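Some notes on the structure that comes next.
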Amino acid sequence: MSLKSLTRDWEPMSYGFLDASAKREIRRKMLKAIAVPGCQMPYASREVPMARGWGTGGLQISCTLLNPKTKVKVIDQGADDSVNAASIRRFLARVSGAPTTLDTLEADLIQSRHRIPEEKLRDNQVLVLQVPNPEPLRPVQPNMSIARQMHADADYGRMWLQLYEQILRAGRVMQGASYPSLVNGRFVMTPSPIPRWDVPKLHMAKHLTILSAGREKRLHAVPPFTRVEPLVFDDVPYRVEEHGALTCTRSGARGFFMNEIPQDDGSSAFEISDSEYGVKTLRQRDGEAVTFGDTWYKHGEMAQ
Amino acid sequence: MTLTLDAPQLVDTRPLLLARHVSKTYGNVQALNDVSATVYPGEVLGIVGESGSGKSTFLRCLNLEETPDSGSYTLDLPDVGGNLFDLDRYARRMLCATRIGIVYQNPHLGLLMKHSSSGNVAERLLVAGERRFHTLRDKARDALDASEFPLDRMDAPPIELSGGMQQRVQLAKAIALEPALLLLDEPTTGLDVSVQALVLDTLKRLQQERRITMVIVSHDLGVIRTLADRVMVMRGGRVVEEGLADQIFQDPQAAYTQQLVHAKL
Amino acid sequence: MTRVLDVRGLSKGFTMHHLERHMAAFQNISFTLDAGRFLLLKGQNGAGKSSLLRTLYRSYLAGSGEILFHSAHGVIDLARAADVDVTLLRQTEIGFVTQFLTARPRVSAEALVAEPLRRAGRPLDDALAEARHWLKTFGVKPDLWAAYPTTFSGGEQQKVNLARALILPQRLLLLDEPTASLDAGARAALVQRLAELKAGGTAMIGVFHHPGDVAQLIDTEIDLTPDDKLHEDQPHVAL
């Protein structure tokens, strides 16, 4: 037996881009994050060939989770075809040899920026969300050390006060995206800047969600079947965006989260934000046989 | 020269607050030197002394913001036991958030200046677990009203209010949860004389109507005289003299107290 | 007759630290007082009349001796009683009428007068109504009732003071020259109220500049003038 037989040949790049120790650290931190839902775990965010703030957190998680058989889907604000999404998808495929897909139903791993697909995720799917700012307490407590203590004490009075102030000043909660939510009744997390529309999808979901901030070097997780409750006063109900009655002008899909496209005459047109769902609707209209998954929202209402 | 006093006989209630032999040193400065205090339910204890006498340090110890080097502190409350100085940070925070109210001299210490005044009061209720928006508002309104705060300004941020109004917001915040103990650290220092009188009157009225147990620290003998039932005179971290308010002012025993009283009147 | 006060060998002195001297106020005072009796303290200026009253009220700490007060809770030595006990007795059983009103700023006259009732647990409206009654009896003009007593003349202030001190019947009432700056009408109202309280069983100890005002109420006299310190023997003969 020679030493050579015990080691691998030198390669110009590790599998999945990140070196083994980086991946091992991220795996450990993910396990920790899953063990304590909603609790932010610091990790040594490595350099990836992409600028910080463009999804490096999500990318590192995806690189760690990939194997040659993982089907990868990458979306950016619901769209599979934005430059950022397309580049990340191609990068992941190149460094791992993993097949890619656009269809939510086929994907094993979905890396997403700021949206959760409209079709329900299954228990064998993993959603990776890119997070710019993982600290929900930052607006109320800029000092990170104190904020960590507040999390440890479940001291979320200031968080609630912020909601109180918003209702006072505007008559409703103004928090549009990254609505602070209580995970498993213990930690308040920011669910990355997903719209209010998407927050209920995390509650008791079958899939695992990992939220990772590359610039801030922290990740947290929502394990399957975990309570995710948006912070909300008992007598001021949580409201999602009023998109339930809108129809997509291109595909005719109705009752989903829409992108608003301002028109020259001052009015607005709406297009479905989950682009692949829109594409499927169009294909079905053209007579193709298309499989739709079960959706979280039905006829514009969240199924109870 | 005078008689030593007996233990209480008529008052069958136990003291609410019992602080024993509290000492604290900062570097080589002895801020508190064996300070003890007893406060009965519904009573107002005034602590007077010049700057550096240790009176504010003692109050911060009572608010569990400071941990002394030695000494004990107990509150006679149903679910509160043992030496409170031994509590961990979390237990202290919960105790102070729900049972002890404090009004600081500097409103910036006690208030969020850019939030609404009602929000400042509501925060305390939120910490205690109130989750109904309208109840929060009602309770905040009641507390502000009891502090004689003009209700048409209840949603104005404290930064836009006068010093007297800011103190009223602090007071409303402190009494919102009906605290067992209200601590006041120079509550009227820095206010105009006329405003001072108004705030003092509010405090006096609250004390009489709700029988809130108070410990008030001030260097202003007039404030102490107006509010306190009993007075503790401190100097250099020690208790110089203790007695009924009018007795301390009319028949001070210690040389220092005489100086202090005669300097004022 | 019910005993209210039993004073034995009471002495008081002041240590003036800045003079490094000790000055005696009065020495070795003994007397007893029963319910419904009125004791007049006499003596020259500086004889210690006011000091004795203040010592009984515990505004001054006694130097030696006993002040056995027969309270509703039992006998207690006021000279040695704990501060909280004294506070309790002051709120419920011992009243003190001074020459001067130390009114809290910006509190209306009627609120000030109603305070003892409020402290005794009476509802606000009720307490205020009774306060107004007494302000009227002592001759304070109705338009002043809601005003701040700090702005009043000395005589008006004294009326407010009396109304406040006499509104709640007590077991023992200490009077320190209450008639000092009163007009005739108020003086008559005061004497009438005192007689009423006396008949109700309140024991009183008073210092009066013109004892003639209350001549018919006086039962006993003590002269505090130093040469012959104590005359408790002869009952007062009304003139």
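The first chain written gets the first letter, and so on, giving A, B and C; residue counts start at 1 in each chain.
The rule is short, and it goes like this: a residue touches a chain if its C-beta (ideal position, glycine included) is under 8 Å from a C-beta of that chain, and two chains touch if they have at least 3 such contacts.
Keep in mind it's a predicted model, so treat the numbers as computed, not measured.
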| item | value |
| --- | --- |
| Touch-based graph of the chains, sorted into line, ring, star, complete or other | line |
| Per-chain Cα centre nearest the global Cα centre, belonging to chain | B |
| Gap in Å, rounded to a whole number, between the CA centres of subunit B and subunit A | 49 |
| Centre distance in Å when subunit B and subunit C are each reduced to the mean of their C-alpha atoms | 32 |
| Distance from subunit C to subunit A - Cα centre to Cα centre, in angstrom | 79 |
| Residue numbers on subunit A that touch subunit B, as the complex places them | 149, 152-153, 155, 157-158, 160-161, 164-165, 167-169, 233-236 |
| Residue numbers on subunit B that touch subunit C, as the complex places them | 1-11, 40, 43, 197-198, 200-201, 204, 208-209, 226, 229-230, 242-244, 246-247, 250-251, 253-255, 258-259, 262 |
| Residues of subunit B defined as touching subunit A within the complex | 89-90, 93, 97, 112, 115-116, 118-119, 122-124, 126-127, 131-136, 155 |
| Interface residues, subunit C side, partner subunit B - complex | 13-18, 22, 54, 58-64, 71, 73-74, 76-77, 79-89, 104-107, 115, 118-119 |
